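Letters A, B, C, D and E mark the chains as written, and numbering starts fresh at 1 in each.
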Amino acid sequence: MATKRVKEILSWYKSDNPGTVANIARMLNHGTLGGTGKMVILPVDQGFEHGPARSFAPNSPGYDPNYHFQLALEAGTNAYAAPLGQIEAAVNNYPGEVPLILKMNSSDSLYTGEADQSITASVGDALRLGCSAIGFTIYPGSNERKQMFEELRELAEEAKAVGLVVVVWSYPRGGVLDKKAETAIDVAAYAAHIACQLGAHIVKVKPPTDHIYLDAARKVYEKEKIPIGTLAERIRHVVQSAFDGRRIVIFSGGAAKGEKEILEDIKAIHEGGGFGSIIGRNSFQRPMKDAVKLLKKIMAIYAS
Amino acid sequence: MATKRVKEILSWYKSDNPGTVANIARMLNHGTLGGTGKMVILPVDQGFEHGPARSFAPNSPGYDPNYHFQLALEAGTNAYAAPLGQIEAAVNNYPGEVPLILKMNSSDSLYTGEADQSITASVGDALRLGCSAIGFTIYPGSNERKQMFEELRELAEEAKAVGLVVVVWSYPRGGVLDKKAETAIDVAAYAAHIACQLGAHIVKVKPPTDHIYLDAARKVYEKEKIPIGTLAERIRHVVQSAFDGRRIVIFSGGAAKGEKEILEDIKAIHEGGGFGSIIGRNSFQRPMKDAVKLLKKIMAIYAS
Amino acid sequence: MATKRVKEILSWYKSDNPGTVANIARMLNHGTLGGTGKMVILPVDQGFEHGPARSFAPNSPGYDPNYHFQLALEAGTNAYAAPLGQIEAAVNNYPGEVPLILKMNSSDSLYTGEADQSITASVGDALRLGCSAIGFTIYPGSNERKQMFEELRELAEEAKAVGLVVVVWSYPRGGVLDKKAETAIDVAAYAAHIACQLGAHIVKVKPPTDHIYLDAARKVYEKEKIPIGTLAERIRHVVQSAFDGRRIVIFSGGAAKGEKEILEDIKAIHEGGGFGSIIGRNSFQRPMKDAVKLLKKIMAIYAS
Amino acid sequence: MATKRVKEILSWYKSDNPGTVANIARMLNHGTLGGTGKMVILPVDQGFEHGPARSFAPNSPGYDPNYHFQLALEAGTNAYAAPLGQIEAAVNNYPGEVPLILKMNSSDSLYTGEADQSITASVGDALRLGCSAIGFTIYPGSNERKQMFEELRELAEEAKAVGLVVVVWSYPRGGVLDKKAETAIDVAAYAAHIACQLGAHIVKVKPPTDHIYLDAARKVYEKEKIPIGTLAERIRHVVQSAFDGRRIVIFSGGAAKGEKEILEDIKAIHEGGGFGSIIGRNSFQRPMKDAVKLLKKIMAIYAS
Amino acid sequence: MATKRVKEILSWYKSDNPGTVANIARMLNHGTLGGTGKMVILPVDQGFEHGPARSFAPNSPGYDPNYHFQLALEAGTNAYAAPLGQIEAAVNNYPGEVPLILKMNSSDSLYTGEADQSITASVGDALRLGCSAIGFTIYPGSNERKQMFEELRELAEEAKAVGLVVVVWSYPRGGVLDKKAETAIDVAAYAAHIACQLGAHIVKVKPPTDHIYLDAARKVYEKEKIPIGTLAERIRHVVQSAFDGRRIVIFSGGAAKGEKEILEDIKAIHEGGGFGSIIGRNSFQRPMKDAVKLLKKIMAIYAS
């Protein structure tokens, strides 16, 4: 049965159907972190986003869609997120063994225009494939944001009606935003908030820097002395911006980097009250044994 | 991950969507018997079928829909089956904690005409409430059988398309069938076969007697010397009649009776290759502690 | 804000949409009994059921649909229930002034065949007219019960999806049931239970007699010594049969009768834990002033 | 490529969609008789119709749905026909290996009222399972014939629109027809004609006797001296009644019987211009080796 | 029955309906290469894409839609792919004789704007015409890619539900891509990967050059020392990029050229583990006899 902490988290989703709440519970209760209220998710959509070689050549067993199911199981992640084809190609070998998040939209690096994603799966696909959640990326700031927000709105309404969870990747990008703005603390907090306002159950953002992008925001951060000096403080601010911590907010690991650096980030996320991490390239681009070891270390921090 | 036996069972359902197979796996892997390939299910539709006092007065906490979730969890049954209102009234207190079978049709004892059931829930309800399966009763032999088979056909097609499991209660009744015919070995085996032909993933029948009802059948049973002398032999024959054991067949406990008698039946079901039991009145009409104790004994037999 | 008792009652409806819970709250918080967790509802469908003269000649202002809105407001009933035309004809004069229950099906006395009702309104009508709930009558035991249960199932699913409350009048009638059976304690408790199983939020039944109709039930009532000697005891049993009191059960006043008799019934309903009354003919067939006086007396009992 | 005879047969179906014609071709070109314009089909719906023991105990490997696919493949029948569950349970092990006819309606022997069948599959099921045809039984003469004809009409229209073939089992039964009437030559010819009129592409009837049932028909048979003395003559008459031989008419083998008797029937059917046979019990109730041997002998006759 | 290799290939499509798997099997088992797991497909959509004279004047019998069916049959290709009208105009002359791929979208050379295609057929057309698969072209990189991916998503979901196969032509084009980029190895591998992620069962790409287009990709190719020096090495990389070879990837022949050059390409594709070729202009622009001879030589390489 659910732990006290899981029950507390679930209590924030009372307006949802029982099926949706059950699927949030399923993810919170699964794997190594099951019951802690923390989450580590394995996302593998980089093949689509960056191309196969950039994604899988560093650890070539990852070309096989079965590999990522095995990694998710071996490491005990709370869920595994991937696009349609990648799930279709392996799901039957792992029936009901790990909660699945079907990524509903995807971008690719062959197109270099305004930040946008294509819809590549349906809620019907999610049900047919036995997924617990749909995943959707929005690019706040993009000239295509209106279309993206509205696509999410429609899919989220449909998903909630059939008991699925809505996980939103909220990545400010496009429009007038420059690279530095994308991870500015005010922008990251804002992106988390927008995802919550759009009805996300779980929000994924990038760990923010201490840069402040919007002038109007800077005045307030300074006047109100919002602490953003350390990563932990910034995480706390992002979590607060997600309905005062009443929505699950998890953080991406970003580009592949050294283990020490990763674990320091995780400690800060944990200290700042983040709900967990979504670790893609830093796990599946390492050999399975190393990836599992790293994920276990990450989970140990969250479980502490 | 799935045991060898669970994998073997799942291999019989290859024509189904991954979502449906995942939900079969979810039920096979849940609870005390998880992974054994055996199932004990708690069904509580007697309130609707026999009225509240006949069902719950012997153990009055059972009037509360929460009680049966607690019993299912305490005993570790593979699933809990109930009609719409009873699940709606308590499901939020047990999010994702036990696989649910939404009973889609129900009969009541205030009506005494031809054996028939009313449809009381939809596939949409099953999704909204986070159920793993729909449950449907058919009455082979009834003058209403055509309507019932066709209602099942339609709901089953809809359920399979969205990744749900179809559990069929196959109870011969009505038409020219007398009481003795309803549990005759040829009739019970036939009832199991019909449910399989209608596309059921899991079939529930009553433990058969050694009576043979149809004259045309009796000739064959005698000529082919089909062994039906013991309950174990009859169970084996019913399981064989369900696509040579390639569909999950479970057996009801029937009217409330003594523990010794029940356990002997279970031993015979287990010996005959039955996949498990669905134990309603014999569990929820006992005090919780006694019910859990009895269910644990039943499960110990199946796990042996 | 909601009283502790109202909050407790609303906690039983957690699987429902916020809109539905809000409408239950609206009814519980409206009028003289607002906040007490008790309800008195004014139903005026007798014009359709018994004809206009039988219904309104005793107090002819009742011919005017505006009259009943005024009565409901004057007396401070929690809600007013009526068929389509009667609400359409007056609702604009009382915008948002009293929670409305749109009666979705109706019978009439010109037809004397098997007990059944015709569907006379839609969920769309309920929304368009600003109603808080739909009302639906079922006749358990009737040869038409299957059709009625299935109509309710479909309308209830639709109503819940748009945030409406489902109020079920559960009146055993038809089939082999005789007059005496219709109000037998076992039948009344069963009728309340069936309505709950069909997903009703609020159930209306008749106050039961101490007659027991079903032989199979009598054995249990005697063996388990279920107390049914007084009306209060019987009310308590009916409420228990409605998911152990976790659904709102209210009782009809029945045929017009003397004030003293009525108030004694109300006291017994209140003592037995009933959630309130639905008072039709005993209110609108009296002059407004008398009716209001009587209703206030009834409410005073429930508020005590 | 198609033989001259197959091309001739296909030329009778010019009003059909290319997909339907392709599926007729697929059946005509498949297996041992491929290209001859003759057909032997393996139907296994007796489990549903007569019960499992009566059907499969004489040759118990037949309890397993895989067995019949293997038999169809081993013998090289043109197609295999079965109800929904039996196909679902094995089809994935034989992908695209034999043309499939999904039996859309079925009767059972537990019900003994007026001759009728329940619809147990949909056109969507046929597509999802990769079938070439739907199979439907009608009972001309039954009090339920109107309903059956109309069900067929609707399914046939739907099937033809998506490129499927419509195979009709036309079995006069019920109403005022007695046992002898069911296979009377005038009735059998009439049954074949009705199936053609209802839009069947392939018609299955029983080999007729020389009995004439309808008085009005007898007068004509005698006046016009229609030759019906031998089985071959009667077959010729039935085929002529099916649009002058412009619809494929095949004949059932009936109850299990001796090989010699069967082969004589086949010779007569062949001599009379019948298009082939549908051999159920006489094949799957024999050991596989014997069944294949018999089917090969039957095919040799048709190929001669 | 299926060969071991065909069974292995089919095992990659376990999440699909039996009907879809049967249609993949049908293509793998048809024609000269039937059973080898290799495929040669005849596509004739150049009339639409390049205009009739450019396509058919070099071998004028090709103006006649019947010609291409004959070519496919004569050469024994696994399938024949064409747009709607071209199939409609000849399909009835070749009923069920060759698996058909209905091309669902097409571009033309009269329009010279951004790379895009128009939808020119429906899934209903594919069923009505008896096709085994739908074919769809995407242009990764194009400014219209979002619309194209989403059109494919919708048609693929529909096609899979009715048992059809989804064949995707993945041709990077448009946007900022220049001619050289279109066949760069990183782009070709990426294009194959995108088609797989979108749920394609069979992917068609162009044989890649050793050019690397994306800077970000080049770094990885160099660091990981991915061998791309020979065509066989590049084919191997593309196949690996298609879910580690768990999706069927076939290669186009490109512009018409000399036989020697073609056969060398085929050998490299075969050596690199490619699943086959789709040979359009190089076959139908030659006289029938020469085309068949060339196709047979190509098939001989794949069969070796």
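We adopt the following convention: a residue touches a chain if its C-beta (ideal position, glycine included) is under 8 Å from a C-beta of that chain, and two chains touch if they have at least 3 such contacts.
Predicted model, so just to flag it, every value in this text is computed and none were measured.
Looking at chain A and chain D, the chains that touch each of them are B, E.
Counting hops only between chains that touch, chain A reaches chain C in a minimum of 1.
Using the average of C-alpha coordinates as each chain's centre, D ends up farthest from chain A.
By number of C-beta pairs in contact, B-D leads when B-D and A-B are compared.
By residue number, the contact pairs of B-C overlap by more than half with those of exactly one pair in B-E, B-D or A-C, and this pair is B-D. Counting the residue numbers used at the interface between chain D and chain E, over half appear in both copies, so the two copies meet with largely the same residues. Relative orientation of chain B with respect to chain C corresponds to a rotation of 70°, obtained by superposing CA atoms and rounded to a multiple of 5. Chain C and chain D, compared by their mean Cα positions, are separated by 58 Å.
With centres set at the average Cα position, the gap from chain C to chain E is 66 Å. Rounded to a whole number, the gap between the C-alpha centres of chain A and chain B is 40 angstrom. Chain centres here are Cα means. That of chain A falls 36 Å from that of chain E.
Within chain C, contacts with two or more other chains are made by residues 14-15. An unclassified topology is adopted by the chain contact network, corresponding to no line, ring, star or complete arrangement.
The chain pairs satisfying the stated touch condition come to A-B, A-C, A-E, B-C, B-D, B-E, D-E. Listed in rising order, the residues of chain B touching chain D in the complex are 12, 14-16, 140-143, 145-146, 149-150, 153-154, 157, 172, 175-177, 186-187, 189-194, 196-200, 214, 216-217, 220-221, 224, 226, 237, 240-241, 243-244, 246-247. Residues 47-48, 50-54, 56-58, 60-61, 63-65, 83-89, 91-93, 106, 108-113, 116-122, 124-125, 129 of chain A touch chain E in their complex. Across the complex, chain E is touched by residues 1-2, 10, 14, 17-26, 29, 73, 91-92, 94-97, 124, 127-131, 161-163 of chain D.
Chain E contributes residues 14-15, 17-18, 161 to its touches with chain B in the complex.
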